[in-house]
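Common to both upcoming complexes is chain A, partnered first by chain B, then by chain C.
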Partner chain A sequence: MIVLGRSALLLALVLAPAGVAAAFVGVRRADARWSAVGRRVLYSLFGVLSVAMIVLEAAFLRSDFSLGVVATHSSTTTPAFYRATAMWSSQEGSLLLWVWLLAGWASLAVRSGHRRVPEIAACATCVLLAFALFFVALLVLLANPFAQLAVPPAEGTGLQPLLRYPAMMIHPPALYSGYTLWTIPFAFGIGALVSGRLDAAWIGATRRFALAAWLALGFGVLLGARWSWSELGWGGYWAWDPVENAALLPWLTGTAFLHSVMIQERRGLLRTWNVGLVLATGILAVLGTFLVRSGVLESIHAFGASTLGVPFLAFIALLVAGSTGLVLHRRALLAADGRIDSVLSREAVFLVGNLLLVGLAFVIFWGTFFPLISEVATGRRASVGPPWFERYTVPLAIATVGLAGLGPLMPWLRASPARLARAGAVPAAIALATAGALLAVPPVRSHPAALATIAVGAFAVAAVVLELLRAARVRARASGRAMPHALAGVVGRNRRRYGGYLVHVGFAVLLVGVAASSSLQHVRDVRLRPGDTAAVGGYDVRYVRATGHATREKLSLGAVLEVSRGGRHVATLTPTRGFYAVEDPRLGPVDRYFSGEATSEVGLESGLGRDFWTAVEPDVQALRPMIAGIDRRFPLASGASQRFLLDAVAERYRRFPPPAAFRLIVSPLVAWVWMGGLVMLAGALLALWPAPHPVLRRARLAVPRALRAAGRA
Partner chain B sequence: VTALTAAVLLAGALAYTSFSASSEAREPSQLVDAEAGRTYQLTGVVAPGYRRIGDVLRFRVHDRGGGRSVTVRYRGSVPDPFRAGREVIVTVRRDGAAFVGEADSLITRCPSKFDAAEPA
Partner chain C sequence: VRPEGHDVELLLVCAMVALVAGFVTRPLRAPAPGSASGRLRALEDARDAKLREIRDAELDLRMGKLEPADHRVLDARLRAEAAALLRRLDAAREEART
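So, the complex of A and B:
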């Protein structure tokens, strides 16, 4: 089996350069036959990499510890679900997943693109194969997942416990799909520059892929935030960590791109800007992949010492230099045909929105890479913290939400101020009313940024909803149908537009959630004994009793907490901390559970209005004498006897619990972050959903008619 | 022109505030001459034998390559992956011979993901 995987990778290393060469000849000689060869090599590459994926996945499921990656990232005690996902917790496995997804998405894009824009697709094939070549070369030469151990261990080290969360199944593949999908508009953008076909054709051919990339990346980021909130024991969903930022960067420039291409499609403007944005987005996607693996920046996401830094940097430098060179070379062709007529137009709003999004991306880029920037400038590594990020991102984000409401009110070309005032009056009034109502709430009053975000968010939601209702009313009047029917008709006919509007609503809801939960939350760190009560944010939390429970995989120690408000029961929460064994024969059978990894299982009560979040850190010191005693007496306990000893420790903790440290958080409107995110995803799916093709629709109407006619004849 | 001016202003503000608001990342051996009242980003490896007294955690951090170490007092809960032998980053302030960590500033690198080689 392993031989099969290894041969598949070697074959990929032969196929990729051959494909690049064939595609290159195809572009150079403008020969469709060579381009077709390149395309087929790309499809075969996907097939070959699929084989490698299956072999590696099977090795993880079978716990084949002769493979180094399996031995260091999985174990027989790791549950099957997590054995299946452990593959992408390793450097090697995640790189394979990356290039496999790349080959898959690229095959799809090239298959559909070569009919619509043959010259551009030919060049894009070459670019995408070159990407694949780079990653396959890394896999084979520097991070081979099929490297075998001389002496396979009897048991593996297991999957890092922090990664044991259901989202592990989808978070990495979603993020990587986002990253790899962004390389497709990138490659077609390069194709457009090389072939000189700089009209909107390349944009049309990759529109769905850009939207899918945006969707997948956004979904991945959202899942990561949710993971952080409900699994990691620190009590937040965003930390401005370099790896989080790295995923947000291409998402922001990609959002700008999805808007500004509409100006090019409609008006032929902003060609340089669009090409620049898509190239930047593609490069930022590779940069995001690189950051997780390089160790150049300090981050909570594990970057150990890695050998991949230099090749990645060289690759990124090549991408930047090549892209810049191509844009300069084609600057004459990129010149616009016209200009924006009025500041009161949709294109002007899009342009300002673009500047805000790129500004946001630039701020985050600067802050993320500041340790490197300051090292170059001053010789010392220094970093900036969340307050620095928030100083810039908060006003920029508020302005962006405002535009998300303003955009749908603006017609293309130019708006009459009177009409705009009419359309904007009600949303503006709703925003003012919201602000007024919030001013009466004391805690909100002292957070002007949160207040402004919520008011502007209300404006955006109201503007979009009223615009939708207006369109539906017009249709209902014209067709004589009921409002719900008319509404469905309006949305169904113009999915791209109304999908976009739905995204705007979701974005506003999400930012309202972020503003409220970050400004108005109450956090308390306390030490409690059973029976003690602590107050946080108007709630009382009573530590009822300790819990202790042992399984083969881990020892869980925790607490039962009663949350009440004004004497009324609100929730019973059971935060625990799981202690996972480390496979170290020098340690005693119980001690090895307390010397390995430990993770928090958060006690969470979610609601529409607020989340109640709790984590516990049991004081293990008090158990130390008992553990040492047990390990001295039963140094060789294993299997059932080891389990028995663990049960004894758990029992002891339950009956004589020492004081435990708790973190208690009451955070308002956190659920709105997830709801807003889901609405955004739904909007993107709506926009992606294939609209009935006009010709097909006519055919569907015509065929039954013809049949009826034939039946009459 | 407006956009360009805005961009230049933003870039200027970014550069200025980031240099003035940042705190330097230093290893324990570079903290010998640390001034009281300034904050530093201490990075290094947690030494074995850390202790929790009440809700204060006392631990020592030494240079990645071994060598000098400093004592840190940290109040509050620590991230899940925190333990001896792990790399941490924490914002600290000098307090006599020891350092006091700022609440919520402790970050632990989580080691198993994408490590080239995990030290046993």
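So, the complex of A and C:
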């Protein structure tokens, strides 16, 4: 089936430029037939790329090592689930996934968009096909997933051990869905600029895609953080790693966009800002892909240096130059007539929030690319660490949480100071009470940033909850229905608004979790023998015994730890270190397990109040003489005999364990990070969910007759 | 010697190319479709959004977030915009009928 896959890719390479040309002719001549050809090329592109995806997926599942990409990213010992998802751990597979997702989302977008905004959708089709052309060309010319090996190996290298984590297999499709979905508002923004239709129509046509992009990217980032916490073995969920940052950048500018478009929809303001934001977000989405795939910056997620850097940079440069040129060309049309009436209004809060979010994105962009910037400027590559990022992002994040609470209290147009003070009094009192209570807790007192974040977070949650209750009370009074029914009615009638409010609550909860877990955690690195006890954060950790276990895939050495507090048992944790074999015939049958990659399986006890996190680093040096002896005596052992030897090593480690190094962490409110993230995702889903038609029907019926009469006047 | 299944694969490739070629070029062989229904839908969506804004403003007033005078200004503005949308919608419907 390799021929079929390769032919599908080649057909895609023919289709994409043909589609760009057809869509271009459609735009130039305003000819609906050529525009329809462009759209159909996009649908066909999705079809043929689906064929390529299926063929490659089948090759991974069948362990067809005649394909280089399968031989280097899978093996017969790789579990079936990971074989099915190993495709996107490779350069070639992930690029194919990228362009396949792009073609799929783009097909949906132009299918709905061409009916609503035909001129804009015609141009967007051309832009989306140009994106697809770039990625298909990369696939065919530089990273062909169907490249075959002259001599297929009997066994593959296997999936990178760090990626053998269930969430990690969903993480790339989520992240790439986010990136590719952002290209849709980008393309429609370009379409609006080219066609000169700069009202809010293009925003309406792509709103759901923008929201879905935000949701998918956020979900991807959250999964990545969870993977980092429970798999990477360093004891954190966010390391300001370039690839993590690259995913956060379009998410931040996208968040700003989702807020500021409401000002354009309602007031016709901020056209330049909105189009600028969406163009920046689309370009940042490509930049994120570039960072992962090029290896230009050192990262745990980067997949080594590749030949893709130059084409990516050229493509990004083209996007920046083209976007800037178009905005400048349309500056007269983009100018808005009105202005914001009052600083005490929802639109003003949105604008300030936008500035904060873009400020955050700028800080993160600067810190991420500082190594490259410094190299260009001074010839020396210097980088900035977490303290640098935190110095600037913490105050901006606190202010953003504050606005997440303040925004819902504000009406559009203008709020009177007296009414705003009344609405904000209770949330402010709750925030002050929270701050007062926290001041009594000594560890929190010495971390003012954490204290401020938690207090402001309490304000935001209280403001949103009270706002929702007030709306429900008004509806209950008007309809004569009970509060729960009224509450459901209020949310159901305006899912976009209350979905957004739920996102604000989740954001506040997430940042409270981040503030508490990063400022108030206790970390201890210790070296223990079985029977030894170490204290950390008020808990006692006893190293009970060593563990050792061999499978065909890896050798796991670990420990059983008993965690107690004040003599009371809290948890039994079993952190391990997995050693994976490297396929190198020069190494002995056991030594190859200790010369390959090793990953941590964290011992984790999660709770609402705190997480207890442990990782172990067994001292394998103590096993070296034994390993050398076995390898000398049985240099050709394989299969069952090799497994027998590994069992012997595991047994030896269990019975005579050397001291092992442990990292012990007690981190408060980590669960709040995941809970907050999930609440945010639930809010986005609520906002995405289409309003039921009866609501719209009722809304239409509620239009005063006078309004319709005025419409006819 | 050709590998087993090679012919089937070539057949599948030919079928894929033929299918795509037929599908893609179809609009050139058929009259251009009208887009009036799409424009109507876009206008209806815009009208619904504007009606939601009017309803939101009323809710803000009843919740005590807006001064009555400010609500009157906002409501008048929104209703003028809604009226303009209704005019465009009626014109588009008329155009679609003719």
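Operating definition for what follows: the second predicted complex is superposed on the first by the 691 of 713 C-alpha atoms of A that agree within 3 Å, B and C clash if a C-alpha of one lies under 4 Å from a C-alpha of the other, contacts with A are read in each partner's own complex, and residues count from 1 in each chain.
What we mean here is this: a contact is a pair of C-beta atoms (placed from the backbone, for glycine too) under 8 Å apart; a residue touches a chain by one contact, two chains touch by 3 or more.
Every value quoted in this text rests on a predicted model; they were computed, and no experiment measured them.
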Exercise for the section: Could you look at A:50 and tell me whether it touches chain B, chain C, both or neither (first, second, both, neither)? Expected result: neither
Handout entry: First (chain B), second (chain C), both or neither touched by A:606
Key = neither
Exercise for the section: Could you look at A:574 and tell me whether it touches chain B, chain C, both or neither (first, second, both, neither)? Expected result: neither
Handout entry: Partner chain in contact with A:410 - chain B first, chain C second, else both or neither
Key = second
Exercise for the section: Tell me which partner A:391 touches in the superposition: chain B (first), chain C (second), both or neither. Expected result: first
Practice task
Classify the contacts of A:163 with the two partner chains as first (chain B alone), second (chain C alone), both, or neither.
Solution key: first
Problem - Which of chain B and chain C A:11 touches, first, second, both or neither - result: second
Practice task
For A:381, select first, second, both or neither according to whether it touches chain B, chain C, the two together, or no partner.
Solution key: first
Fill in the blank from the handout: Overlap of chain B and chain C contacts on chain A, residues none
Problem - Parts of chain C lying in touch with chain A, wherever the complex brings them together - result: 5-6, 9-10, 12-13, 16-17, 20, 23-28, 30, 32-33, 35, 37-39, 41-42, 45-49, 51-53, 55-57, 59-60, 62-67, 70, 73-74, 79, 82-87, 89-90
Fill in the blank from the handout: So, in the complex, the side of chain B touching chain A is made of residues 3, 6-7, 10-11, 13-15, 17-19, 21-25, 41, 43, 51-52, 54-55, 75-81, 83, 89, 91, 103-105, 107-118, 120
Problem - chain C-facing residues of chain A, complex - result: 1, 3-4, 7-8, 11, 15, 18, 31-34, 36-37, 40-41, 43-44, 47-48, 51, 114-118, 200-201, 204-205, 265-266, 409-416, 419, 422-423, 467, 470-471, 474, 478, 493-494, 497, 696, 699-700, 702-703, 707-708, 710-713
Exercise for the section: Name, in rising order, each residue of chain A that touches chain B in their complex. Expected result: 72-73, 89-91, 94, 157, 160, 162-163, 232-234, 241, 292-293, 298-307, 355, 359, 362-363, 366-367, 370-371, 373-374, 377-378, 380-385, 387-388, 391-392, 525-527, 584, 595, 597-600, 615, 617, 619, 621, 661, 663
